[in-house]
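What follows is a pair of complexes built around chain A, which joins chain B in one and chain C in the other.
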Partner chain A sequence: MKSVVTTVIAAADAAGRFPSSSDLESVQGSIQRAAARLEAAEKLASNLDNVAKEAYDACIKKYSYLNNAGEANSSDTFKSKCARDIKHYLRLIQYSLVVGGTGPLDEWGIAGQREVYRALGLPTAPYVEALGFARNRGCAPRDMSAQALVEYNSLLDYAINSLS
Partner chain B sequence: MVLDAFSRAVVAADASTSVVTDIAALKSFVAEGNKRLDAVNAIASNASCMVSDAVAGMICENQGLIQAGGNCYPNRRMAACLRDAEIVLRYVTYALLAGDASVLDDRCLNGLKETYAALGVPTTSTVRAVQIMKAQAAAHIQDTPSEARAGAKLRKMGTPVVQDRCASLVAEAGSYFDRVISALS
Partner chain C sequence: MDKRFFNLFNLTEDEAIALLDTPQDQLNEDDSRYVAASHLINFPTERSINALMRAVQNTDPSLDNRIARRKSVETLGRLQATQSLPVLHACLADPDCYTVENAVWAIAEIGTQDSAILEDIAQLLDRPGQTYRVIIHTLAKLNYHPALERIRKLVDDADAPTASAAIATVCRLTGDYSQMEQVVALLQHPNVFARRLSIQDLIDTQYYSAIPNIARCPVSLVFRLRGIRMLAEAGVPTGAIAFETVQPYLEQTLRDHPGDLDLVHAYNQAPDLPFLIRELYETDFGRCYLATKTILEHHADAAPAALFATYAEEANNDYGAHFHVMKLFGWLKHAPAYDLLVEALHNRQPQFQKSRAAAAIALSELGDPRAIPELKASLETKIWDLKYAALMALEKVGDTSGYQTAANDDDWLIRAKASRDVINRVSTP
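Right after this comes the complex of A and B.
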């Protein structure tokens, strides 16, 4: 799993050397930024279900055709799967906040994403709408501190970009 | 897979498709971050000295190693021994930096016992060298190398220390050395 620390270790290991002072500086930099990330991760975890629900509702409201017979949100099973998918993205974003890099999103969300949605005949626009809604819904200092919100939003942007 | 304390929490949470809930533990990892970096620096800066002392100590206690037929005779095999001790110490340092033993397990210990068995390396001697490095690491992390043991080579990091500084880090580093020992025996 890619993070600042594991990247530093992989590079040091490839060269067969002990962690150098510049390696330690990089880790120190990541640690300094960690407070905001962890705050965002904590706040998101405490309210993940609601955030996901609102985002899901927003995208179904915009793309109401998805409720038509045969479409992706037409049955209860489909609805719960759609809501679950949104929740998956938010969970992976929480993981990425914890790790301090996009590793979890890349490895467990984005890799193969396009192929899966094509195979299942799912449109990606509703996902973009859902994550875009979450992107604009967060508010500092109501939900979290400004810096934490920046970290959270940039990961939402990253996920949105991967889908569009 | 190489993990750190953060990605370890993520992989554990993913196994049950839940969010990471124990943020407090990670926050304390961050709060103690500078101590950890100091500890890594203390080991990395003294690594070659630690390695040569540990191997020399191991040989001191078992002179047979450097007599004909011993595993540190001739120089070629002694050099291999020094190299291996450095490799072990290096992976322990990586594990200490990451706050997770996965890099040590994956890249150093996996198959090490079998390799040593195949090469006829005596594990009791290896374990002894690792034990010495464990004690040295504890002394360097706390910046309390003793004159009695280090003699003329005594060298302190000079970082400002309080008496129990890094007790948890000393324990953590010790646990990685113990991991090496139990993987070999």
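Right after this comes the complex of A and C.
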């Protein structure tokens, strides 16, 4: 699983050298942010279902016509797609907070997923909208500390950026 | 192209163009240029294409603009807007790796033999951090031989899907298919994307001999069916492969019993039923199939109650678990699930589409003759896998009266199935 630590060691090993001082600085930075990341991971894990539900409820509210009876593709398309997949992405974000790198998102959520979405003609807009809502919804200190929120939001941005 | 999801957002062409043209800082909180760029796929007009090209030329680096810009690139590709090639060509030098990826893909959709564009695409193979698969696929699709040696360097790439695309493309460009078994082996890779994406490479190389392996690959049957169907569509008309050769594997895949799959996961210790039910919600279907198999082998008695409970609680609105619950009721031959299966058979919501064919197969396992008219009604839909599964199900419950109609179906696979089975019945004493 790719993290700051594994990346630094892999690069050093590939070149047959010890980690450089800038390598060690990036490891140090990652360790310093670890407490904030783990706080965000813990808060997200304990509230995953609510965060996912709020995100897709927000989408339904935003595109309220989707609730009208008889609308093309019906609201349930949107809703269940979000409900299932948003939870999946939030779980990968949670793993990434624990790892301290984007490895879990990259390896299990993004690499290949873009090709699958394109090949099957599946919409990415619902995920982007719902994750965007989750990003705007987070609030410090109500949900977590300011530092933890920075870590959480940066991974949400990363997921939005790489899925879109 | 499956267009079920194209019209998610209720916008007119004018509204979508106006939204896409609105500067980011003047948008209302609820407006999304990304959605507008997605939605313009519905309007293959000069106006829409021009609006999308304007959006691509807006290089504001904010996240919201970046994603709208990328989506515009993708939509231009889907609209096959040839006039956008110069704009897309310029995107190949963009610092954003996903914009580059989408531009490469869009150029492949549009098609070009402009060697300046093709060489720029080939040079992206040396750029770190790119998704090389789409670059390799595009070079293969546009038959750019000068990139061959650069692609060959990636055949041993640590990233299995990249290696898969490289091997397949080297085979295509050289005509030497001796290395393709390495791609076939990826159908058993622990990473679900390596499994799914290797099917694409087998399709692209028209590697017909992999059809039995694809049928046994532990990914969602959507990927397996797509692969087998696309290979049949390429090979049957040219005589490279016969429908009769494909048919058993196609039907094995539609039946989709976990015992017919080579599973790549295993449990360290026998899990309990609640854990196994949770596994049905996994996005890696390989894990769902292992759970299904284990439920059938060790928890058949307690499973129906647990399945009804999870259906009521969550699976009714989770299209993955919904599918596996339907399949399990069939394999368990659980008669009280009859009404639920009939409901699933007729469920028109697009995300539950694969549950319909699953319900058809499951109803045939129940063997209740009340299902016959329900299954025959499914033959009237436009969904080929549902129709095919309904024919298989009707056959199992002893009703072959639908074959005459099916022999004239719009879909060639349904016609082939019906015609062949009619011949078999006539020739069997």
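One rule holds for everything that comes next: the second predicted complex is superposed on the first by the 127 of 164 C-alpha atoms of A that agree within 3 Å, B and C clash if a C-alpha of one lies under 4 Å from a C-alpha of the other, contacts with A are read in each partner's own complex, and residues count from 1 in each chain.
One rule holds in what follows: a contact is a pair of C-beta atoms (placed from the backbone, for glycine too) under 8 Å apart; a residue touches a chain by one contact, two chains touch by 3 or more.
All values reported here derive from a predicted model rather than from experimental measurement.
Novice: Go through the superposed model and pick first if A:R114 touches only chain B, second if only chain C, both, or neither.
Specialist: Second partner only.
Novice: Looking at the overlay, what does A:S3 touch: chain B (first), chain C (second), both, or neither?
Specialist: A:S3: touches chain B, not chain C.
Novice: Once chain A of both complexes is superposed, is A:E129 in touch with chain B (first), chain C (second), both, or neither?
Specialist: second
Novice: Identify the partner contact of A:Q94: answer first if only chain B is touched, second if only chain C is, both if each is, neither if none is.
Specialist: first
Novice: Pick one for A:L44: touches chain B only (first), chain C only (second), both, or neither.
Specialist: A:L44 contacts chain B only, not chain C.
Novice: Indicate the residue numbers of chain A shared between its chain B interface and its chain C interface, in ascending order.
Specialist: Touching chain B and chain C on chain A: residues 88.
Novice: Show me the residue ranges of chain A that touch chain B in the complex, using the header's touch definition.
Specialist: Going by the criterion above, the answer is residues 1, 3, 5-6, 8-10, 12-13, 16-21, 23-24, 27-28, 31, 34-35, 38, 41-42, 44-45, 48, 88, 91, 94-95, 98-100, 103-104, 108.
Novice: Which chain C residues qualify as touching chain A in the complex?
Specialist: It is residues 1-10, 30, 32, 34-35, 38, 63, 66-67, 70-71, 74, 98, 101, 105, 131, 133-134, 159, 161, 191, 193-194, 196-197, 200, 222, 226, 281, 283, 317-320, 349-351 of chain C that touch chain A.
Novice: Which bits of chain B are touching chain A when the two form their complex?
Specialist: The touching residues are 1-4, 6-7, 9-11, 13-14, 17-21, 23, 26-27, 30, 33-34, 37, 40-41, 43-44, 47, 90, 93-94, 97-99, 103, 107.
Novice: Residue numbers of chain A touching chain C in their complex, please.
Specialist: 62-63, 65-66, 71-74, 76-81, 83-85, 88, 107, 111-116, 118-126, 128-129, 157, 160-162, 164
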